[in-house]
């Protein structure tokens, strides 16, 4: 089940994957933790069925897909879930997010004689738990989580329980599902970043793991159908969910932060069409709207619907074909590699573009390099004009809570001093429009309240150490 | 360049891949053929850049993606291109299609003492060429092709030339492209099954390799810009192109048989909407049209456009999300494996389906097993009704020209005795409609003349040996 | 150089192998530690030259071949050298031997919140070093070594130095070599368990790393030709070298504990011949003496020389052929596997055995299973009689200092209650004789003083925790 | 059983290994041939037990270890046994030896349209068999063998029989063994190059496959205990066995050409001691005799025995230690690689060499490069003198019958114009002596008649095409 869940969540991390199970050895009357981890996609790491059957036996399991934000991607010690043995037994941890005070905590722990195996921020949680003087693993873990700051959605495995925990701001999603087992012991529980994992394994969505919640599923919990809930001490009143999850990161078939992603995404497209329409030049003319597949498909549908509703004769066309086989690492030639990389992923359908006024709808622009190559490709198909529409505001600030955005200098919006005309010129388009911050918040559920918009606004809800870099701990 | 071409054509075969190059060894003053082949996708077979750089040096190359129609998929000797050395030098061959008289030819060759290394039909062409008493490799090859029957689009490498050849009926596509090198030697030429390969490598479409043509690109040809053309003896007046290439097999961004695939495919959708519309139940109602991504996306657009033009208020929605990571082999659990296999590939977007009258547009139904699972998944999202529309007629006959359709018994249209209501019942839909043969031919270029429609009609343009089975040569 | 050194010492551990290098990154002005480790033999772990050239750059290096005495053999976290980063910089460690108080120390460290990555005893040294409050890595290490007990020959790499350390009893060998570099900076220094590693890399033997010594080779040391030496606090006056190194474990071409191994081994054979001779039955008869190759070859030569000197007409013959290709893992059939395993390693030369009174000379008998199979094989070659002679006393006690002997119950000498006749019967020989303890000590250098003979005598120089088992830390 | 047989014969070829089995598929009522082949040693090629259990099922099998004499070593198509399917069924072939007229036969077959898959001489036998007009596989094979010339010991598998065949001169060994199965069907039969393979699998030596014999073991044969024997047409009266098999190639525990190898080898040493003794300089002096392990061990014993019998006080010492782990490919540094290669294989035991008059006994000298390095190493151990004794005459001519000797120019005896003093000088020894041809023949069974001594004498029993080179067919 964990394997299929990781597969459903493959889009959240493609660098590495791992599963840890807890198995009760009846003859020794103790628990053994089994782990299998490797670099690459889920299907590549677990390519032999024997891994699941023979090497990952057990009654509970956690898994993790790695998308590195702290700690280098090619260090195999950085692959999660981490598994350790400490005074209170076995402990395994999978972490989504990014801790903002890990630098200070790591230095403090090292000065007291702690040895680190990985260069990730996540390992700190294990050491803090192991060093806690409290009795009981939950209380040890709570002490650790009271000390760390930043974004974290955690899955933790102990000898006798499965624990889910989420930072006080609820920056990253984490939801709880239930599987009816038909057993007298009651239902089984699963937790995952997005509900699309529940669909694949046949689980029903129960609700969110609350911001600041430490949710414990143990043998007793499973039997009685009740779960134990603890809370991190400094949980504030207001959450700050990452709004970029709705814009791009989550799958459209998922429900996160209590709302369907595809619904929000369609609304983003509608509001963008209203805010920055592209109209036919004449009655005979027809505007062709093209999505950058697959991440912008839903928003593009919203854009076209709204445009037609407003009376503009625009037509959705499939102008870009995305290869089914991307995701794999391709060999790059020495020259023109950026261009070829985009070309191995996308190709244009010339017939629908030629001679047309074309609108490209994309969800966001980060560095701008891919967009630039896409525009170049589309230009070769000889459209009359190219208009670029983005269903989010310009990204101008780095994310310290779990998105691997590049440095400020590399963000195209910064490089062009937030001058949209200059960005349009660099991309080579006839017009460019971003969705306004106001409309972005209008599209988001709950009236746009309780979101983190730091990458657009620079307003960081959790204090961050500006010296944070991805390779801070790498030598 | 061959590597990227194979990548662009990955959809035509995922079982195995190979590249052969011809390299002139100056110190020995002779040509060496280098080959690298393996099971799996292009990116997996050629995962190390050193393979291309160090092991596949040379001035010309051919490549092949395997999709087995004769010879078992797991026999490594069956991976193409084949490379042999014979009296006239080196020879490598890549074959798309299926020979219909290979059984007779193989028996005849074996009785004369020929040893076969593979269990494919393609190997026969090599033996016939090697045994020809003619002088000159082109004439030897021509003798071989005059003897074989069936479907073949071939790329052949000899010490001094690159040869493209196509069967007299032009059953499978094969097109010629040109790359301006800027060199005084003139342009370089490339051949590929579909033009999408040209887009990726920067080649311009020149035209079709004609049915019955043997096209020779040699050093001289490249220098002068002229190509030498030969013809297979028994070339008939009329070609018979595989119409299923337009319906499903080719990529929508390709031009084959002289026409853009996406244009034909959109027309299929339009004609289907006109022939078998699905109307809202009331003014307040709205029909939701869903594509089975990605192969039906273009036809679905046509369907929606035509329906709205006819005044029906239908709306295109993204109701099925296809995983980016399919194509890899997933570990299958012992039970429910068919269902899980479909679930790892597709998931529903519940919000757009619930309570709606839903139309699913798919390109074809072969066994019906995937369609059945899809319908089951969509049903779980609680639509009001499900209407299934197929942009081709029922598939009732096996293909002996290069499509790996199952036996007649496994085709759902046969199992249900061509009774559409019975098929609808088996799939679990409220209504089902296939495109009529008449409309299919109307959508196809050139007035629907010159196509092979055997899988729908049972009319086979080339005589076939009914005992043909995929594993005829396997022991 | 480390790679070749590991190769020369392959006989000391065949489970896993690893190398760690320290590389100064000029652009970052800091040291990076590079590691490559894997299961299997040296030549298999480092099978690509690129590993040494590209992944193991640096100016200093340590390596380790694993032969597990604590921590399971198949846990990849147990492969040494260990590499960690702590407050004072990088630290890598390779350990030969076995700590006797690791159980107590591990529990104590765990109770204070330390997390263990491996299940070996060796990791404790790293944690103790990291937790030391002393300034300076040498003093931190010294504090750690003052706390541990048992057998340890260590190689340690820090950012700026290479450290060799040996337990106060000098239980395992460790020697120092010098390589003249011809550079103005002076010679380079190497340390290794046995001098045979020096021969392969062209180093000259300087002397022993003394029991209780911590020898520091740093940049300065290399330049000036002087080494810094520190001592472990509780070093006793008398060392206790493992006498079994002379009997079996070390290579005959090595010098250890200050003496050539082959010289001691030849003497063992001579004393055994004198103590337990096998004489011809008549003047016409001739006794054939056979070595169990290759470990007993030298002792067998001594046996034959002494026997002939005493006037017995005995002849050395090659009666057992050892396969060159052992060491690799062979596939074992389900039945008769023990017998086949011995047969894949040895075969008899029937002509020299048939009809003869045969003496087999072996270095030791542990479980007795291999000896039994050997005797069975030799018996099939139809000798007149078989006499088994062992160049060491019966092994009756487990080793806690680095030899992986089985439990007492599995030792044949214990199973047979030290009854030599009973052992002879079990092995199926006509007579059996072990070397006496008295003669063993006579053969050893320095009058047989200062040795650990625990496996024969049960007298353990360092207190041991009797609950020690190899998998004490494995879950 | 085949797997273990290949292991026992590993010394005859280390480049590649393969096994082919014939399995009767009851449900299809036909035979399937299963093959598994790969580069490397037997234990590396068949490293997973599942290969033997799952992929190599069947009732009969043949195997082959490759040592390339024709066809490049790194061409995977050259790995044997070859498996083909032809008009009469399946056919697999393993060949030891070298055909001398393959060049002419290959050209002739190619001109008739035959395609070759490998660049070996062995493949010719398959084509000739497949092209035979005879009825019955035995007669087809006989026609093929009547056409080829040179050295061949063959194992052949057909659907219903196992065939062993040997060239008319019996150049390479091939022997027949029997295994009592206890079944009513009678014994099982095995064939192998050397009897040491029989010892490992528990077979009894029956006798030689006769020169020119085609021995057929079929179902009937197995049942009745009788074997069918056919003969190659042009079998001469006198065989010509390769005398180098006795000197070096075969294992000392094997019986070949009807005699124990170790017996011949000991005699070679005795005759050499008598012919070219090395005497102590004085009464106090003692000559130390050292073997180059392991191939010269037996001859060295003979040398020492004879020398002492003659009254010279010489003593056998183990002066060279051979690593157990050779055979694996080691990474070679860029410089001094030849020297290091020898050092990774051998090390000296300094104590027994220092100050002594040392005799090194080796079986043969080919290029002289290894001998030179050995002498250099021994010289560094400071002997008084080094005397080199070789138990065979100088190798001056290439072998065209299955030994991969280098070109004449590379043979040290040729480079030095057969001047022994000059060779001694090049090797750096105080004296050098080869065994005379006369004494070599005296040591060989049957009075030295019926041997091929071409590498020493230049007298080739089978006409050879002087243009033969190993890579004649490689492009």
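To keep things simple, chains are lettered A, B, C and D as they appear, and every chain counts its residues starting from 1.
The rule is short, and it goes like this: contacts are C-beta pairs under 8 Å (C-beta built on N, C-alpha and C of every residue); 3 or more make two chains touch, one makes a residue touch a chain.
Only a predicted model underlies this, so the values are computations on that prediction, with no experimental measurement involved.
Asker: Minimal path length between chain A and chain D through chains that touch?
Answerer: So the least number of steps between the two chains is 2.
Asker: Measuring between Cα centroids, which chain is at the maximum distance from chain D?
Answerer: A
Asker: Quick check: how many Å separate the C-alpha centres of chain A and chain C?
Answerer: Measuring from centre to centre gives 51 Å for this pair.
Asker: With chain centres taken as the means of their Cα atoms, state the distance from chain B to chain C in Å.
Answerer: The separation of the two C-alpha centroids amounts to 63 Å.
Asker: Roughly how many whole angstrom separate the Cα centroids of chain C and chain D?
Answerer: Taking the mean C-alpha position of each chain, the two centres sit 36 Å apart.
Asker: Touching at least two other chains at once: which residues of chain B meet that condition?
Answerer: none
Asker: What pairs of chains are touching here?
Answerer: The complete list of chain pairs in contact reads A-B, A-C, B-D, C-D.
Asker: Which residues of chain D touch chain B in their complex?
Answerer: For this pair, the touching residues of chain D are 30-33, 84-87, 90, 110-117, 126-127, 130-132, 473, 475.
Asker: Taking the complex as given, what residues does chain D use to touch chain C?
Answerer: Spelled out, the residues of chain D in touch with chain C are 3-4, 7-8, 10-11, 41-44, 46-49, 52, 196, 199-200, 251-253, 260, 262-263, 293-294, 297-298, 301, 305, 315-318, 321-332, 340, 343-344, 347-352.
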